[in-house]
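Starting off with a structure, shown below.
To keep things simple, chains are lettered A, B, C and D as they appear, and every chain counts its residues starting from 1.
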Amino acid sequence: MSEVLQIVRQVLDSQPFSVLLGARISAVESKAISIELPVRAELLQQHGFVHGGVLSYLADNALTFAGGLALGSKIVTSEYKINYVRPAVGELLVARAGVVYAGSRQAVCRCDVFVQQNGTEKLVATAQGTISTQAD
Amino acid sequence: MSEVLQIVRQVLDSQPFSVLLGARISAVESKAISIELPVRAELLQQHGFVHGGVLSYLADNALTFAGGLALGSKIVTSEYKINYVRPAVGELLVARAGVVYAGSRQAVCRCDVFVQQNGTEKLVATAQGTISTQAD
Amino acid sequence: MSEVLQIVRQVLDSQPFSVLLGARISAVESKAISIELPVRAELLQQHGFVHGGVLSYLADNALTFAGGLALGSKIVTSEYKINYVRPAVGELLVARAGVVYAGSRQAVCRCDVFVQQNGTEKLVATAQGTISTQAD
Amino acid sequence: MSEVLQIVRQVLDSQPFSVLLGARISAVESKAISIELPVRAELLQQHGFVHGGVLSYLADNALTFAGGLALGSKIVTSEYKINYVRPAVGELLVARAGVVYAGSRQAVCRCDVFVQQNGTEKLVATAQGTISTQAD
(Lines give C-alpha, C1' and ligand atoms only; values in the text may rest on other atoms or scores of the structure.)
Protein backbone atom coordinates (compact mmCIF):
# COMPACT_ATOMS: atom_id res chain seq x y z
CA MET A 1 0.00 0.00 0.00
CA SER A 2 1.41 3.40 -0.97
CA GLU A 3 2.30 5.89 1.73
CA VAL A 4 -0.14 8.46 0.35
CA LEU A 5 -2.96 5.92 0.38
CA GLN A 6 -2.12 5.12 4.00
CA ILE A 7 -2.21 8.81 4.96
CA VAL A 8 -5.50 9.63 3.25
CA ARG A 9 -7.09 6.53 4.79
CA GLN A 10 -5.98 7.70 8.22
CA VAL A 11 -7.52 11.12 7.57
CA LEU A 12 -10.81 9.62 6.41
CA ASP A 13 -10.90 7.22 9.35
CA SER A 14 -10.40 10.17 11.72
CA GLN A 15 -13.63 11.78 10.48
CA PRO A 16 -16.43 10.49 12.74
CA PHE A 17 -19.05 11.41 10.10
CA SER A 18 -17.26 9.39 7.42
CA VAL A 19 -17.09 6.44 9.82
CA LEU A 20 -20.82 6.83 10.58
CA LEU A 21 -21.59 6.70 6.88
CA GLY A 22 -19.07 3.95 6.09
CA ALA A 23 -16.90 5.67 3.47
CA ARG A 24 -13.51 4.28 2.47
CA ILE A 25 -10.71 5.36 0.15
CA SER A 26 -10.54 2.90 -2.73
CA ALA A 27 -7.72 4.42 -4.79
CA VAL A 28 -5.40 7.38 -4.86
CA GLU A 29 -3.13 8.76 -7.56
CA SER A 30 -1.04 11.94 -7.76
CA LYS A 31 -3.99 14.12 -8.72
CA ALA A 32 -7.03 11.89 -8.32
CA ILE A 33 -8.83 9.96 -5.60
CA SER A 34 -11.74 7.52 -5.34
CA ILE A 35 -13.98 7.14 -2.30
CA GLU A 36 -16.53 4.34 -1.97
CA LEU A 37 -19.61 4.07 0.18
CA PRO A 38 -21.71 0.90 0.47
CA VAL A 39 -25.42 1.70 0.23
CA ARG A 40 -27.56 0.67 3.19
CA ALA A 41 -31.11 1.42 4.31
CA GLU A 42 -30.09 4.21 6.68
CA LEU A 43 -28.72 6.27 3.79
CA LEU A 44 -31.95 6.45 1.79
CA GLN A 45 -34.69 9.05 1.43
CA GLN A 46 -38.46 8.51 1.36
CA HIS A 47 -38.62 6.96 -2.14
CA GLY A 48 -35.91 4.37 -1.58
CA PHE A 49 -33.16 6.26 -3.42
CA VAL A 50 -29.90 7.24 -1.77
CA HIS A 51 -30.46 10.61 -0.08
CA GLY A 52 -28.98 13.55 -1.98
CA GLY A 53 -27.19 14.54 1.19
CA VAL A 54 -25.19 11.30 1.01
CA LEU A 55 -24.14 12.03 -2.57
CA SER A 56 -23.25 15.56 -1.50
CA TYR A 57 -21.21 14.28 1.42
CA LEU A 58 -19.33 11.98 -0.91
CA ALA A 59 -18.68 14.66 -3.54
CA ASP A 60 -17.68 17.21 -0.88
CA ASN A 61 -15.24 14.79 0.70
CA ALA A 62 -13.73 13.54 -2.56
CA LEU A 63 -13.28 17.13 -3.81
CA THR A 64 -11.55 18.05 -0.56
CA PHE A 65 -9.24 15.04 -0.63
CA ALA A 66 -8.38 15.75 -4.28
CA GLY A 67 -7.58 19.35 -3.32
CA GLY A 68 -5.39 18.02 -0.50
CA LEU A 69 -3.33 16.03 -3.00
CA ALA A 70 -2.44 19.35 -4.64
CA LEU A 71 -2.31 21.72 -1.67
CA GLY A 72 -1.34 19.61 1.35
CA SER A 73 -3.33 18.86 4.48
CA LYS A 74 -3.99 22.39 5.82
CA ILE A 75 -6.98 23.08 3.63
CA VAL A 76 -10.62 24.05 3.76
CA THR A 77 -13.37 23.46 1.24
CA SER A 78 -14.48 26.92 0.16
CA GLU A 79 -17.41 25.93 -2.00
CA TYR A 80 -18.74 23.48 -4.51
CA LYS A 81 -21.65 22.92 -6.85
CA ILE A 82 -23.35 19.62 -7.53
CA ASN A 83 -25.79 18.45 -10.20
CA TYR A 84 -27.85 15.35 -9.48
CA VAL A 85 -28.56 13.55 -12.72
CA ARG A 86 -30.26 10.28 -11.75
CA PRO A 87 -31.84 8.65 -8.69
CA ALA A 88 -29.15 6.53 -7.02
CA VAL A 89 -30.23 2.89 -6.69
CA GLY A 90 -27.67 0.15 -6.16
CA GLU A 91 -25.16 -1.45 -3.83
CA LEU A 92 -22.17 0.85 -3.92
CA LEU A 93 -21.47 4.54 -4.48
CA VAL A 94 -18.13 5.52 -5.98
CA ALA A 95 -16.91 9.13 -6.09
CA ARG A 96 -13.99 9.88 -8.40
CA ALA A 97 -12.42 13.30 -8.00
CA GLY A 98 -9.48 14.97 -9.69
CA VAL A 99 -7.61 18.26 -9.75
CA VAL A 100 -8.46 20.51 -12.71
CA TYR A 101 -6.19 23.38 -11.67
CA ALA A 102 -3.96 24.03 -8.67
CA GLY A 103 -2.33 27.32 -7.74
CA SER A 104 -0.49 28.22 -4.55
CA ARG A 105 -3.60 28.93 -2.52
CA GLN A 106 -6.48 27.30 -4.38
CA ALA A 107 -7.29 24.15 -6.28
CA VAL A 108 -10.30 23.67 -8.53
CA CYS A 109 -11.46 20.06 -8.53
CA ARG A 110 -14.16 17.98 -10.18
CA CYS A 111 -15.94 14.88 -8.96
CA ASP A 112 -18.24 12.37 -10.60
CA VAL A 113 -20.36 10.16 -8.36
CA PHE A 114 -21.47 6.78 -9.68
CA VAL A 115 -23.73 4.04 -8.36
CA GLN A 116 -22.97 0.38 -9.03
CA GLN A 117 -25.85 -2.08 -9.36
CA ASN A 118 -25.62 -5.66 -10.56
CA GLY A 119 -22.26 -5.07 -12.17
CA THR A 120 -23.17 -1.92 -14.06
CA GLU A 121 -22.16 1.60 -13.13
CA LYS A 122 -24.13 4.80 -13.74
CA LEU A 123 -23.38 8.47 -13.16
CA VAL A 124 -25.66 9.92 -10.47
CA ALA A 125 -24.09 13.28 -9.73
CA THR A 126 -21.30 15.57 -10.86
CA ALA A 127 -19.64 18.33 -8.87
CA GLN A 128 -17.08 21.11 -9.19
CA GLY A 129 -15.53 23.02 -6.31
CA THR A 130 -12.78 25.12 -4.81
CA ILE A 131 -10.39 23.93 -2.10
CA SER A 132 -8.29 26.61 -0.38
CA THR A 133 -5.28 26.60 1.90
CA GLN A 134 -6.08 27.85 5.38
CA ALA A 135 -5.54 31.56 6.01
CA ASP A 136 -2.70 32.10 8.53
CA MET B 1 -49.76 22.65 14.60
CA SER B 2 -50.47 23.69 11.02
CA GLU B 3 -51.37 21.08 8.44
CA VAL B 4 -48.39 22.00 6.25
CA LEU B 5 -46.02 21.64 9.20
CA GLN B 6 -47.50 18.21 9.91
CA ILE B 7 -47.02 17.11 6.30
CA VAL B 8 -43.42 18.29 5.97
CA ARG B 9 -42.57 16.65 9.30
CA GLN B 10 -43.99 13.38 8.02
CA VAL B 11 -41.88 13.65 4.87
CA LEU B 12 -38.71 14.37 6.84
CA ASP B 13 -39.43 11.53 9.26
CA SER B 14 -39.85 9.15 6.31
CA GLN B 15 -36.26 9.84 5.19
CA PRO B 16 -34.07 7.25 6.91
CA PHE B 17 -30.95 9.42 6.37
CA SER B 18 -32.61 12.42 8.04
CA VAL B 19 -33.57 10.18 10.97
CA LEU B 20 -29.99 8.84 11.18
CA LEU B 21 -28.68 12.40 11.39
CA GLY B 22 -31.43 13.66 13.68
CA ALA B 23 -32.90 16.50 11.62
CA ARG B 24 -36.26 18.05 12.46
CA ILE B 25 -38.49 20.71 10.94
CA SER B 26 -38.59 23.69 13.30
CA ALA B 27 -40.79 26.09 11.35
CA VAL B 28 -42.61 26.39 8.06
CA GLU B 29 -44.20 29.36 6.32
CA SER B 30 -45.76 29.75 2.86
CA LYS B 31 -42.39 30.17 1.13
CA ALA B 32 -39.82 29.40 3.83
CA ILE B 33 -38.76 26.53 6.03
CA SER B 34 -36.33 25.92 8.89
CA ILE B 35 -34.66 22.60 9.64
CA GLU B 36 -32.64 21.98 12.80
CA LEU B 37 -30.00 19.41 13.57
CA PRO B 38 -28.45 18.93 17.02
CA VAL B 39 -24.66 18.59 16.80
CA ARG B 40 -23.19 15.38 18.19
CA ALA B 41 -19.78 13.71 18.01
CA GLU B 42 -20.72 11.42 15.13
CA LEU B 43 -21.32 14.42 12.84
CA LEU B 44 -17.83 15.91 13.13
CA GLN B 45 -14.71 15.77 10.98
CA GLN B 46 -11.10 15.28 12.10
CA HIS B 47 -10.64 18.77 13.60
CA GLY B 48 -13.77 18.71 15.75
CA PHE B 49 -15.88 20.87 13.44
CA VAL B 50 -19.18 19.69 12.00
CA HIS B 51 -18.39 17.82 8.77
CA GLY B 52 -19.09 19.81 5.61
CA GLY B 53 -21.18 16.90 4.40
CA VAL B 54 -23.59 17.50 7.29
CA LEU B 55 -23.95 21.17 6.37
CA SER B 56 -24.48 20.12 2.75
CA TYR B 57 -27.10 17.57 3.74
CA LEU B 58 -28.93 20.24 5.70
CA ALA B 59 -28.76 22.83 2.91
CA ASP B 60 -29.77 20.27 0.27
CA ASN B 61 -32.75 19.16 2.31
CA ALA B 62 -33.91 22.65 3.27
CA LEU B 63 -33.62 23.83 -0.35
CA THR B 64 -35.67 20.83 -1.47
CA PHE B 65 -38.38 21.35 1.14
CA ALA B 66 -38.55 25.06 0.25
CA GLY B 67 -38.93 24.11 -3.40
CA GLY B 68 -41.69 21.71 -2.40
CA LEU B 69 -43.64 24.54 -0.77
CA ALA B 70 -43.77 26.17 -4.21
CA LEU B 71 -43.99 23.17 -6.53
CA GLY B 72 -45.68 20.42 -4.53
CA SER B 73 -44.35 17.04 -3.46
CA LYS B 74 -43.39 15.50 -6.83
CA ILE B 75 -40.03 17.19 -7.09
CA VAL B 76 -36.35 16.49 -7.48
CA THR B 77 -33.37 18.58 -6.53
CA SER B 78 -31.59 19.37 -9.78
CA GLU B 79 -28.55 21.08 -8.40
CA TYR B 80 -27.22 23.46 -5.80
CA LYS B 81 -24.11 25.35 -4.85
CA ILE B 82 -22.84 25.92 -1.32
CA ASN B 83 -20.23 28.23 0.17
CA TYR B 84 -18.79 27.32 3.55
CA VAL B 85 -17.88 30.48 5.39
CA ARG B 86 -16.84 29.40 8.90
CA PRO B 87 -16.01 26.20 10.79
CA ALA B 88 -19.21 25.02 12.50
CA VAL B 89 -18.75 24.66 16.27
CA GLY B 90 -21.73 24.61 18.60
CA GLU B 91 -24.77 22.75 19.82
CA LEU B 92 -27.34 23.21 17.10
CA LEU B 93 -27.38 23.72 13.33
CA VAL B 94 -30.27 25.68 11.82
CA ALA B 95 -30.92 25.83 8.07
CA ARG B 96 -33.31 28.53 6.85
CA ALA B 97 -34.40 28.23 3.25
CA GLY B 98 -36.74 30.27 1.12
CA VAL B 99 -38.08 30.48 -2.41
CA VAL B 100 -36.46 33.20 -4.57
CA TYR B 101 -38.42 32.40 -7.72
CA ALA B 102 -40.95 29.75 -8.66
CA GLY B 103 -42.22 28.95 -12.15
CA SER B 104 -44.36 26.04 -13.27
CA ARG B 105 -41.51 23.54 -13.47
CA GLN B 106 -38.66 25.01 -11.45
CA ALA B 107 -38.05 26.88 -8.23
CA VAL B 108 -34.83 28.68 -7.33
CA CYS B 109 -34.22 28.64 -3.59
CA ARG B 110 -31.65 29.96 -1.16
CA CYS B 111 -30.58 28.60 2.20
CA ASP B 112 -28.45 29.97 5.01
CA VAL B 113 -27.05 27.51 7.54
CA PHE B 114 -26.26 28.78 11.04
CA VAL B 115 -24.67 27.25 14.11
CA GLN B 116 -25.85 28.16 17.59
CA GLN B 117 -23.37 28.14 20.48
CA ASN B 118 -23.94 29.50 23.97
CA GLY B 119 -26.89 31.56 22.84
CA THR B 120 -25.23 33.18 19.85
CA GLU B 121 -25.83 32.28 16.22
CA LYS B 122 -23.35 32.47 13.35
CA LEU B 123 -23.62 31.88 9.62
CA VAL B 124 -21.57 28.83 8.58
CA ALA B 125 -22.73 28.19 5.01
CA THR B 126 -24.94 29.64 2.31
CA ALA B 127 -26.45 27.83 -0.63
CA GLN B 128 -28.49 28.42 -3.79
CA GLY B 129 -30.16 25.73 -5.85
CA THR B 130 -32.76 24.58 -8.33
CA ILE B 131 -35.69 22.32 -7.49
CA SER B 132 -37.62 20.82 -10.43
CA THR B 133 -40.91 19.03 -10.85
CA GLN B 134 -40.48 15.42 -11.93
CA ALA B 135 -40.59 14.72 -15.65
CA ASP B 136 -43.64 12.69 -16.57
CA MET C 1 -20.95 62.33 -4.53
CA SER C 2 -19.28 60.11 -1.97
CA GLU C 3 -15.59 59.29 -2.30
CA VAL C 4 -16.28 55.56 -2.53
CA LEU C 5 -18.79 56.11 -5.33
CA GLN C 6 -16.22 58.18 -7.17
CA ILE C 7 -13.58 55.44 -6.83
CA VAL C 8 -15.80 52.56 -7.95
CA ARG C 9 -16.99 54.63 -10.92
CA GLN C 10 -13.38 55.21 -11.93
CA VAL C 11 -12.69 51.48 -11.71
CA LEU C 12 -15.73 50.61 -13.81
CA ASP C 13 -14.87 53.30 -16.37
CA SER C 14 -11.37 51.85 -16.68
CA GLN C 15 -12.79 48.49 -17.82
CA PRO C 16 -13.02 48.65 -21.64
CA PHE C 17 -15.56 45.80 -21.66
CA SER C 18 -17.84 47.64 -19.23
CA VAL C 19 -17.58 50.74 -21.41
CA LEU C 20 -18.40 48.66 -24.51
CA LEU C 21 -21.52 47.34 -22.80
CA GLY C 22 -22.48 50.66 -21.22
CA ALA C 23 -22.57 49.73 -17.53
CA ARG C 24 -22.60 52.38 -14.81
CA ILE C 25 -22.55 52.36 -11.01
CA SER C 26 -25.90 53.61 -9.75
CA ALA C 27 -25.40 53.35 -5.99
CA VAL C 28 -22.90 52.19 -3.44
CA GLU C 29 -23.18 51.55 0.29
CA SER C 30 -20.76 50.08 2.82
CA LYS C 31 -21.54 46.50 1.85
CA ALA C 32 -23.71 46.77 -1.25
CA ILE C 33 -23.52 48.10 -4.78
CA SER C 34 -25.85 48.59 -7.74
CA ILE C 35 -24.78 48.53 -11.38
CA GLU C 36 -27.11 49.50 -14.23
CA LEU C 37 -26.99 48.66 -17.90
CA PRO C 38 -29.34 50.16 -20.48
CA VAL C 39 -30.67 47.48 -22.84
CA ARG C 40 -29.95 47.98 -26.54
CA ALA C 41 -30.24 45.80 -29.63
CA GLU C 42 -26.58 44.75 -29.60
CA LEU C 43 -27.03 43.05 -26.21
CA LEU C 44 -29.75 40.65 -27.29
CA GLN C 45 -29.82 36.99 -28.36
CA GLN C 46 -31.74 35.43 -31.24
CA HIS C 47 -35.20 35.60 -29.59
CA GLY C 48 -35.02 39.28 -28.66
CA PHE C 49 -34.19 38.72 -24.98
CA VAL C 50 -31.09 40.13 -23.35
CA HIS C 51 -28.30 37.59 -23.89
CA GLY C 52 -27.49 35.50 -20.82
CA GLY C 53 -23.89 36.53 -21.22
CA VAL C 54 -24.89 40.13 -20.52
CA LEU C 55 -26.69 39.12 -17.32
CA SER C 56 -23.64 37.06 -16.36
CA TYR C 57 -21.30 39.97 -17.04
CA LEU C 58 -23.45 42.18 -14.83
CA ALA C 59 -23.67 39.65 -12.00
CA ASP C 60 -19.95 38.88 -12.20
CA ASN C 61 -19.03 42.54 -12.06
CA ALA C 62 -21.45 43.46 -9.28
CA LEU C 63 -20.27 40.48 -7.18
CA THR C 64 -16.66 41.56 -7.70
CA PHE C 65 -17.33 45.18 -6.78
CA ALA C 66 -19.27 44.07 -3.69
CA GLY C 67 -16.32 41.88 -2.71
CA GLY C 68 -14.03 44.86 -3.22
CA LEU C 69 -16.04 46.88 -0.71
CA ALA C 70 -15.10 44.25 1.88
CA LEU C 71 -11.61 43.23 0.78
CA GLY C 72 -10.11 46.25 -0.99
CA SER C 73 -9.06 46.66 -4.59
CA LYS C 74 -6.47 43.84 -4.93
CA ILE C 75 -8.97 41.11 -5.57
CA VAL C 76 -9.93 38.44 -8.05
CA THR C 77 -13.24 36.75 -8.66
CA SER C 78 -12.67 33.09 -7.86
CA GLU C 79 -16.02 31.74 -8.94
CA TYR C 80 -19.73 32.30 -9.02
CA LYS C 81 -22.96 30.57 -9.85
CA ILE C 82 -25.94 32.11 -11.56
CA ASN C 83 -29.56 31.02 -12.02
CA TYR C 84 -31.54 32.60 -14.83
CA VAL C 85 -35.18 32.77 -13.82
CA ARG C 86 -36.94 34.76 -16.58
CA PRO C 87 -36.23 36.07 -20.08
CA ALA C 88 -35.00 39.65 -19.73
CA VAL C 89 -37.14 42.07 -21.71
CA GLY C 90 -37.13 45.78 -20.95
CA GLU C 91 -35.21 49.03 -21.00
CA LEU C 92 -32.79 48.76 -18.10
CA LEU C 93 -30.94 46.02 -16.23
CA VAL C 94 -30.10 46.60 -12.58
CA ALA C 95 -27.74 44.33 -10.62
CA ARG C 96 -27.80 44.66 -6.84
CA ALA C 97 -25.02 42.86 -5.01
CA GLY C 98 -24.13 42.61 -1.35
CA VAL C 99 -21.62 40.96 0.96
CA VAL C 100 -22.95 37.90 2.80
CA TYR C 101 -19.70 37.11 4.61
CA ALA C 102 -16.21 38.59 4.55
CA GLY C 103 -13.09 37.08 6.08
CA SER C 104 -9.49 38.21 5.69
CA ARG C 105 -8.94 36.54 2.33
CA GLN C 106 -12.40 35.80 0.92
CA ALA C 107 -15.81 37.38 0.66
CA VAL C 108 -18.99 35.54 -0.28
CA CYS C 109 -21.40 37.81 -2.12
CA ARG C 110 -24.86 37.59 -3.64
CA CYS C 111 -26.37 39.45 -6.55
CA ASP C 112 -29.89 39.80 -7.90
CA VAL C 113 -30.31 41.04 -11.46
CA PHE C 114 -33.55 42.80 -12.38
CA VAL C 115 -35.02 44.16 -15.59
CA GLN C 116 -37.12 47.30 -15.62
CA GLN C 117 -39.88 47.67 -18.20
CA ASN C 118 -42.58 50.33 -18.28
CA GLY C 119 -42.01 51.20 -14.65
CA THR C 120 -42.11 47.67 -13.28
CA GLU C 121 -39.13 45.63 -12.16
CA LYS C 122 -38.71 41.87 -12.33
CA LEU C 123 -36.01 39.48 -11.14
CA VAL C 124 -34.24 37.84 -14.10
CA ALA C 125 -31.23 36.19 -12.49
CA THR C 126 -29.66 35.53 -9.10
CA ALA C 127 -26.05 34.75 -8.37
CA GLN C 128 -23.70 33.79 -5.54
CA GLY C 129 -19.93 33.90 -5.68
CA THR C 130 -16.55 34.08 -4.02
CA ILE C 131 -14.18 37.04 -4.26
CA SER C 132 -10.59 36.49 -3.07
CA THR C 133 -7.66 38.72 -2.28
CA GLN C 134 -4.78 38.24 -4.69
CA ALA C 135 -2.11 35.75 -3.68
CA ASP C 136 1.23 37.50 -3.03
CA MET D 1 -19.29 21.67 -43.84
CA SER D 2 -21.67 19.47 -41.87
CA GLU D 3 -25.33 20.39 -41.65
CA VAL D 4 -25.19 20.65 -37.86
CA LEU D 5 -22.22 23.01 -38.06
CA GLN D 6 -24.15 25.15 -40.52
CA ILE D 7 -27.18 25.30 -38.22
CA VAL D 8 -25.27 26.18 -35.05
CA ARG D 9 -23.34 28.86 -36.96
CA GLN D 10 -26.63 30.38 -38.10
CA VAL D 11 -27.89 30.42 -34.52
CA LEU D 12 -24.73 32.07 -33.22
CA ASP D 13 -24.76 34.62 -36.03
CA SER D 14 -28.37 35.49 -35.16
CA GLN D 15 -27.31 36.55 -31.64
CA PRO D 16 -26.47 40.27 -31.81
CA PHE D 17 -24.42 40.03 -28.61
CA SER D 18 -22.28 37.22 -30.05
CA VAL D 19 -21.73 39.29 -33.18
CA LEU D 20 -20.77 42.32 -31.05
CA LEU D 21 -18.18 40.22 -29.23
CA GLY D 22 -17.00 38.38 -32.35
CA ALA D 23 -17.61 34.76 -31.35
CA ARG D 24 -17.61 31.96 -33.93
CA ILE D 25 -18.24 28.22 -33.87
CA SER D 26 -14.97 26.44 -34.59
CA ALA D 27 -16.06 22.82 -34.33
CA VAL D 28 -19.08 20.69 -33.53
CA GLU D 29 -19.45 16.99 -32.80
CA SER D 30 -22.44 14.92 -31.69
CA LYS D 31 -22.05 15.88 -28.03
CA ALA D 32 -19.40 18.61 -28.03
CA ILE D 33 -18.87 22.08 -29.42
CA SER D 34 -16.05 24.64 -29.59
CA ILE D 35 -16.58 28.40 -29.74
CA GLU D 36 -13.73 30.83 -30.39
CA LEU D 37 -13.40 34.51 -29.65
CA PRO D 38 -10.48 36.67 -30.81
CA VAL D 39 -9.22 38.89 -27.99
CA ARG D 40 -9.27 42.63 -28.64
CA ALA D 41 -8.84 45.72 -26.49
CA GLU D 42 -12.58 46.27 -26.01
CA LEU D 43 -12.92 42.93 -24.21
CA LEU D 44 -10.43 43.67 -21.41
CA GLN D 45 -10.77 44.86 -17.82
CA GLN D 46 -8.67 47.48 -16.01
CA HIS D 47 -5.54 45.33 -15.64
CA GLY D 48 -5.30 44.31 -19.30
CA PHE D 49 -6.75 40.82 -18.81
CA VAL D 50 -9.83 39.61 -20.67
CA HIS D 51 -12.84 40.66 -18.58
CA GLY D 52 -14.40 37.82 -16.59
CA GLY D 53 -17.73 38.71 -18.17
CA VAL D 54 -16.32 37.74 -21.57
CA LEU D 55 -15.20 34.35 -20.25
CA SER D 56 -18.63 33.92 -18.66
CA TYR D 57 -20.37 34.83 -21.90
CA LEU D 58 -18.29 32.26 -23.73
CA ALA D 59 -18.87 29.51 -21.16
CA ASP D 60 -22.60 30.31 -20.97
CA ASN D 61 -22.97 30.17 -24.72
CA ALA D 62 -20.89 27.02 -25.21
CA LEU D 63 -22.81 25.23 -22.43
CA THR D 64 -26.09 26.23 -24.05
CA PHE D 65 -25.04 25.10 -27.52
CA ALA D 66 -23.79 21.79 -26.07
CA GLY D 67 -27.14 21.35 -24.35
CA GLY D 68 -28.87 22.07 -27.64
CA LEU D 69 -26.97 19.22 -29.30
CA ALA D 70 -28.68 16.89 -26.81
CA LEU D 71 -32.07 18.55 -26.34
CA GLY D 72 -32.82 20.40 -29.59
CA SER D 73 -33.25 24.09 -30.21
CA LYS D 74 -36.13 24.93 -27.82
CA ILE D 75 -33.99 25.30 -24.74
CA VAL D 76 -33.09 27.70 -21.98
CA THR D 77 -30.01 27.88 -19.83
CA SER D 78 -31.23 27.29 -16.28
CA GLU D 79 -28.00 27.92 -14.46
CA TYR D 80 -24.28 27.44 -14.44
CA LYS D 81 -21.25 27.85 -12.24
CA ILE D 82 -17.84 29.03 -13.34
CA ASN D 83 -14.40 28.98 -11.72
CA TYR D 84 -11.81 31.41 -13.03
CA VAL D 85 -8.38 29.87 -12.62
CA ARG D 86 -5.93 32.25 -14.35
CA PRO D 87 -5.90 35.77 -15.82
CA ALA D 88 -6.63 35.46 -19.53
CA VAL D 89 -3.87 37.03 -21.64
CA GLY D 90 -3.45 36.11 -25.30
CA GLU D 91 -4.83 36.33 -28.79
CA LEU D 92 -7.68 33.85 -28.85
CA LEU D 93 -10.19 32.38 -26.39
CA VAL D 94 -11.48 28.87 -27.04
CA ALA D 95 -14.42 27.38 -25.14
CA ARG D 96 -14.89 23.62 -25.39
CA ALA D 97 -18.15 22.28 -24.02
CA GLY D 98 -19.61 18.81 -23.84
CA VAL D 99 -22.66 16.96 -22.57
CA VAL D 100 -22.11 15.06 -19.31
CA TYR D 101 -25.67 13.80 -19.00
CA ALA D 102 -28.84 14.31 -20.99
CA GLY D 103 -32.36 13.32 -19.96
CA SER D 104 -35.65 14.21 -21.65
CA ARG D 105 -35.91 17.67 -20.11
CA GLN D 106 -32.44 18.56 -18.88
CA ALA D 107 -28.82 18.26 -19.92
CA VAL D 108 -25.85 18.78 -17.64
CA CYS D 109 -22.86 20.16 -19.53
CA ARG D 110 -19.30 21.15 -18.81
CA CYS D 111 -17.11 23.73 -20.47
CA ASP D 112 -13.41 24.53 -20.29
CA VAL D 113 -12.26 27.94 -21.51
CA PHE D 114 -8.69 28.30 -22.76
CA VAL D 115 -6.58 31.22 -23.92
CA GLN D 116 -4.05 30.82 -26.71
CA GLN D 117 -0.89 32.94 -26.68
CA ASN D 118 2.15 32.51 -28.90
CA GLY D 119 1.17 28.97 -29.80
CA THR D 120 0.54 27.73 -26.27
CA GLU D 121 -2.85 27.15 -24.70
CA LYS D 122 -3.80 27.54 -21.05
CA LEU D 123 -6.98 26.85 -19.09
CA VAL D 124 -8.50 30.09 -17.78
CA ALA D 125 -11.93 29.01 -16.58
CA THR D 126 -14.07 25.93 -16.11
CA ALA D 127 -17.84 25.76 -15.89
CA GLN D 128 -20.70 23.34 -15.26
CA GLY D 129 -24.35 24.04 -15.94
CA THR D 130 -27.88 22.90 -16.61
CA ILE D 131 -29.72 23.38 -19.90
CA SER D 132 -33.48 22.75 -19.90
CA THR D 133 -36.14 22.32 -22.53
CA GLN D 134 -38.67 25.15 -22.54
CA ALA D 135 -41.79 24.63 -20.49
CA ASP D 136 -44.86 24.41 -22.71
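By definition in this document, a contact is a pair of C-beta atoms (placed from the backbone, for glycine too) under 8 Å apart; a residue touches a chain by one contact, two chains touch by 3 or more.
The model shown is predicted, which means the values in this text are computed figures rather than measured ones.
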{"item": "Centroid-based (C-alpha) most distant chain relative to chain D", "value": "B"}
{"item": "Chain pair with the higher count of C-beta pairs in contact (A-D, B-D)", "value": "A-D"}
{"item": "Interchain centroid distance [CA atoms averaged], chain A/chain D, Å", "value": "28"}
{"item": "Centroid spacing, where centroids are CA-atom means, of chain B and chain D in whole angstrom", "value": "33"}
{"item": "Per-residue overlap in chain B, given as positions that touch at least 2 other chains", "value": "78-79, 81, 83, 103, 108, 130"}
{"item": "Chain D-facing residues of chain B, complex", "value": "78-79, 81, 103-106, 108, 130, 132, 135"}
{"item": "Contacting residues of chain A [partner chain D, same complex]", "value": "81, 83, 85-86, 100-101, 103, 108, 110, 123, 126, 128, 130"}
{"item": "Chain A contact footprint on chain B (complex, rising order)", "value": "11, 14-21, 41-46, 51-54, 56-58, 60-61, 64, 76-84, 87"}
